[in-house]
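Below are two complexes that have chain A in common, paired first with chain B and then with chain C.
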Partner chain A sequence: MASIKEQFEIPAKMKTWSLALIALGALSLIAGFITKGSGSEEEKAVFIGTIMYNTVFWTMICNAAMFFICATTLAMGGFQQSFRRVPEAISTLVPIFGSITLVVLLYVVFSGNHHIYHWLDTKAVENDEILKGKAGFLNVKFFTVWTILTIGLWSLLGWRMRKLNSEADEAAMDNEQGASFIWRNTVSAALFIVWFALTVGSTVPWLWIMSIDAHWYSTMFSWYNFASTFVSGMALIALWVIYLKNKGYLEYTNQEHLHDIGKFIFAFSIFWTYLWFSQYMLIWYSNQPEETIYFKHRVQGPYKGIFFLNLIINFVCPLLILMKRSAKRNYTLMTFMAVLIIFGHWIDFYQEFIGSISKEHVTLGWLDFGILSFFVGLMIFFVSKALASKPLVPKYHPFLKESIIHHT
Partner chain B sequence: MAKKKFVVGCFDDEAVLFPAVKKVRTAGYKIHDVYTPFPVHGLDHAMGLRETSLHTAGFIYGITGTTTALSGISWVLTYDWPLNYGGKPHFALPAWIPITFELTVLFAAVGMVLTFCYLCQMAPFVKKHHFHPRATDDLFVMVIECTDKTNTADLEAFLSNNGAMEVKTEIAEDGWWFGRYDKDELPFEQKTVVA
Partner chain C sequence: MHLKYESQLREPLVYGSKTYHDVTEDIVRPIEAKPSKLWYIGFYIAIALLLFGVYSLYRDVTYGIGQWNLNKTIGWGWDITNFVWWVGIGHAGTLISAILLLFRQGWRTGVNRAAEAMTIFAVMCAGQFPIWHMGRVWMAFFVLPYANTRGPVWVNFNSPLLWDVFAISTYFTVSLLFWYSGLLPDMATIRDRAFTKLRKRLYGIASFGWNGSTKHWQRHESLALVLAGLSTPLVLSVHTIVSFDFATSVIPGWHTTIFPPYFVAGAVFSGFAMVQSLMVIVRKVFGMEDYITMGHIEAMNKVIVLTGSIVGVAYLTELFMGWYSQNKYEGYTFWYSRANLFSPYGWSYWGMMACNVLSPQIFWFRKMRRNLFVTFFMSVIVNIGMWFERFVIIVTSLYRDYLPSSWAVYYSPTIWEIGFYLGTFGLFFTCFFLFAKYFPVIAIAEIKYVLKTSGESFKDDMDKQELMKAEEFAHEYAH
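So, the complex of A and B:
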């Protein structure tokens, strides 16, 4: 094995930039708190909602990076080994962003903010047959316990996977050790996937996001959010891989690997659209008032522009631009598409949250981008730190050779 | 179709075949084709084949399917025979998307299969010359096209030196012709009696 640059060193410029972004975000948080946090109830709800969708979005896309590792591990995938430390580093953010999410969500629930979660209004629930029927799921106790469990187990099981993989840095494995290593990885990954399916795959988007429209329900909603966050997670992985390649790291990773990441982004963009459309068409077709209420102000009201912009960015662009093989192997185009897709799904989360909290006015403005910069800054800061803390390549991993000779 | 002279070299290992392909190309010979029992990754690059346009064709077929579906349904349901389905507008786009999607897939799939058969010159009753019967079993068969200046003895020696386990020169039909395998002579039939 030729000598490679195994250790990532954080460039000073990157640190400065990330800290600047965090400072900018903190500033806009304070400014937002002063201008909106003390205003009317609706303004306050929008302010908190803005923090909510950002933190939920970033927690879920960082968690999607761990999902990528676990899913490929279960599939006995080899191609991701040469860059797997990147999704690992991204997933170290789950406990950090997760605790922010936990604090924000529990604050909303315990302060009884029924402008955001209508089901917190006990008086309204008593006189409401639908909400009474949902009270077993939508109540403070269940919300608290399930949210803590969700974020706790995401962090714990993700940490287990990362710790297990550190063994591949230490010493060469013989056949038996390698087989046992793969087996333990498989078990850990399976545990994570089961918990992921119970949370992201079903309950958590219902609980955190869909319950803002307390009366409305869609069984497809969680899958829709899973697809949304998984695509953005893959786009984030692509961005970091391209960045590290540009800096001369990740020698074993090449266009072949980028091509596969691009395929994931392309395929799951289509999958996202499939769910988007399935949810929309069934509701449009049956045309029942309690279901169409979700789309009324999105398709015909003030959110029309954002709603269809969302579809153009997240479906039409990936479909037409990423379809060609050469596009998925082009570093510049992939960078552009990754940024575009993360932005598109961020907008998607925006309209999911704020579209229900503030039905009359589109509030997208400096505050949204300020808080976004706060999370982007944190993401850059902690991911680069996590990357620097470990070798970039798990050099004794039994499947590493498969990744090096990977060919699509 | 024309009859041409070919030099055929048979290899029993990919690892020998790849360098041989490269050497034959750098020596300036024209490779007619390489027949392998299974798809070999990277052989197209080694042979210098251009990338297939099958996917472009597929895209065009797909777009054709999309337009056919959308224009057909919208013409019928808004102009030719408008009906009221459950109070929906005549131009009920969301309801048409599944059909549009299916026609896109159908057009792309059928079109690409037919194009693939056309490009590979495959059809019922179309016959092509088999250079070596074991190409469908366990041999990698490289076929080199000769010009009138090619010295076949040199070329055969060149192939043998590069690992070919069997070499021969033959004059064979270049293109395809109509025929039936069960009526015509079989490619794996012994043509000469071995004494």
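So, the complex of A and C:
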């Protein structure tokens, strides 16, 4: 029993690698700034847009890890307890990535970058009946206040959940204490979920992403983005769980748990496709120009390749590969699929942002991957730090034993 | 040996100190006894309603659709409203039996059987509406796409109405198989206890020769998983395709991309409400309080507040986009015809909002979730609200079309339209009463499956495991 490794120690190699990735990212940021940041208006917009979609994507998938904790808490789940510190650690990035998002988004709106957000162009808005009508929602003041509130409350409510859960490290609970502990967790999780529904489930994707196409609208848009980030969040959890298992940590987590994470990834990949199809098919079927304009250049123009790649990676691959039971229990295959899915939804975010900022040219290249490496580096650095700061297993959690004998 | 353990913090799913035999006794008793007076009264009321429905349809078929008040812009009225309403109600059964099976939710065992039966009856009721709405119902077979001698007269494969035919008939078939295959071991239990020859014979036929061998159980379990896997996409597809009936059009208020998932959430919402209405009564009449516990009721109320809120987010999203799109037709539909209380049908929109979004919020409170009266009352309110929702979508979008000269007069149903609707209630409850009399309303075998993990007396025996340290526990029991 002494062999149980409860405390994660960050390997020096991991630290070096994460710092190297961050440095690489910083270098490409500088190189991007020099080559594109001072170019034409469109080049500048693409440069900033590239930072935007990366930071929004990473903030949202890390927040999805907290969503996973809160949703399973409300559902009185037991199976996730043995590895719940992993999504907790991932969610500690919300304030960090959230701050970057905040700075970038506020920079865009305060600098009045109307190549990204067309609605910032006061002259154009004056001469445009539609944009004028939307000004009650698409304006700098509301954007700023809502963005600060969103990121602030995500961070705060997430922090509250993590703090509450630390009580499970302290001492054994009898039934009464356990019930009170579960109850407080439930209330806290409910608060998070409500705020999540009001932000990720509705307003935030409209404000941050959909408004790049200031005229276009789709009621599905936010739920679609939720599905995209949730499945990526699950994939990120899977990656860390597998890493820790390989290093000999997470004694109580085994193939059964991985299998369930795999089911989540499989199911929500299909769910994502369902929402994708519902949005696309309805717009295609009714064929109204003010709606189809969003897809025109994506399906028939320069983004055609990206458009189909998105579907192949995020739908066809998980459908065919993760359908089998043995695949979801295989560490190697799950690692591969998790990386693939995070990459796939990152591409989805790429086309959502850049597909609207630069309609003529697909710009995917060294800058995108450079900035990606910056965020991946930060993610590894901070998640490993968060993992090391707490025991890996909430030893006295009342549902931990259910997780230990969990059979999928 | 795999340890049957769950945390004592979870409420037991079966109360009392029960053996397998007690479970059989408790659930089969109502089937073996003579029905009560209450049962007969209910059954005859249901039959009366059914007959009224039959007569209403007789008028429809003999005199034509003119017996209803549909008019030049409102081509869909009560009929399609009721169709969508009943289909929606059907969803809870599959969600409970299939999706909750995949999610390993033990509490489903208390309510799944009745919910699945309800699904089948609700889908039967739903199917009536499009069929009789055809008017010349003797042409109904035209919806079947087969090589025919009618020349170029084929079904329109581009039409979501046809997709509905496929979706709903497939759904009905799979739900029926799922429900019935689950019944087999229970039917065999009743057969083995039968005290008359006729009973033995009939339940013997109904149980397909089940003998409880390991092989039978093994096949039974894998069949359940396969059918659950099939039902899960099916249940999503059904209401998705119903939503396509509206959303593929270019009618303001109908064409909106959020419709598919929002319809599914709404369907689950109304279905759970109907399950609550039925279960609150069934547990009382049959004395099943040990099996359909307050914990079950609370869990279902949680699903109701969750799906009600999802639907609420969708309503607000639509309303917001009605403004944000700056499309004047969308704006007119949402802000004049619907959200404006003083427009002709404004009452239905606000009725919907009050019943579906505002009132279920009461279930954020634990006390309310565990109050039987509130539960029953709310379950009825939610079903009224979900009826309003379909009425709002259909009628408020249709009564004003693009051409003001063809705007319809105020639409309200005739007695025969209402009679048809009441008739489906008759059909539904006739079936449900017969089901409750001749079938085990709770899945006996499945209750036995969770008994040793979640039964009250078995949980009480887990004190030792509960006090163990995690390390010891893992050392002792982990695989």
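Keep this in mind: the second predicted complex is superposed on the first by the 405 of 408 C-alpha atoms of A that agree within 3 Å, B and C clash if a C-alpha of one lies under 4 Å from a C-alpha of the other, contacts with A are read in each partner's own complex, and residues count from 1 in each chain.
Here is the rule we use: contacts are C-beta pairs under 8 Å (C-beta built on N, C-alpha and C of every residue); 3 or more make two chains touch, one makes a residue touch a chain.
Keep in mind it's a predicted model, so treat the numbers as computed, not measured.
*Asks:* Taking the superposition as given, does A:W223 touch the first partner, chain B, the second, chain C, both, or neither?
*Replies:* second
*Asks:* Scan A:Q288 for contacts with chain B and chain C and give back first, second, both or neither.
*Replies:* It touches chain C, and chain B stays clear.
*Asks:* Looking only at chain A, is it chain B or chain C that touches more of its residues?
*Replies:* Greater contact footprint in residues on chain A: C.
*Asks:* What is the contact status of A:E42 with respect to chain B (first) and chain C (second): first, second, both, or neither?
*Replies:* So A:E42 meets neither chain B nor chain C here.
*Asks:* Is A:H407 touching the first partner chain B, the second partner chain C, both, or neither of them?
*Replies:* After superposing on A, A:H407 lies in contact with both chain B and chain C.
*Asks:* Using the touch definition from the top, say if A:E167 reaches chain B (first), chain C (second), both or neither.
*Replies:* neither
*Asks:* Just to be sure I follow: which residues of chain A are touched by chain B in one complex and then by chain C in the other one?
*Replies:* The answer is residues 285, 407 of chain A.
*Asks:* Write out the stretch or stretches of chain B touching chain A in their complex.
*Replies:* 41-42, 55, 59, 86-88, 94-95, 97-98
*Asks:* Quick one: in the complex, what on chain A touches chain C?
*Replies:* Those in contact with chain C are residues 1, 4, 74-76, 78, 129-130, 133-134, 137, 172, 175, 178-179, 182, 190, 197, 201-202, 206, 217-223, 251-252, 263, 270, 274-275, 278-279, 282-283, 285-286, 288, 290, 393, 395-396, 398-402, 404-405, 407-408.
*Asks:* In the complex formed with chain B, which residues of chain A make contact?
*Replies:* 277, 280-281, 284-285, 287, 323-325, 407
*Asks:* Looking at the complex, which residues from chain C come into contact with chain A?
*Replies:* Touching chain A: residues 2-3, 5-10, 102-104, 233, 236, 240, 244, 247-250, 255-261, 302, 309-310, 313-314, 316-318, 320-321, 323-327, 364, 465-466, 468-475, 477-479 of chain C.
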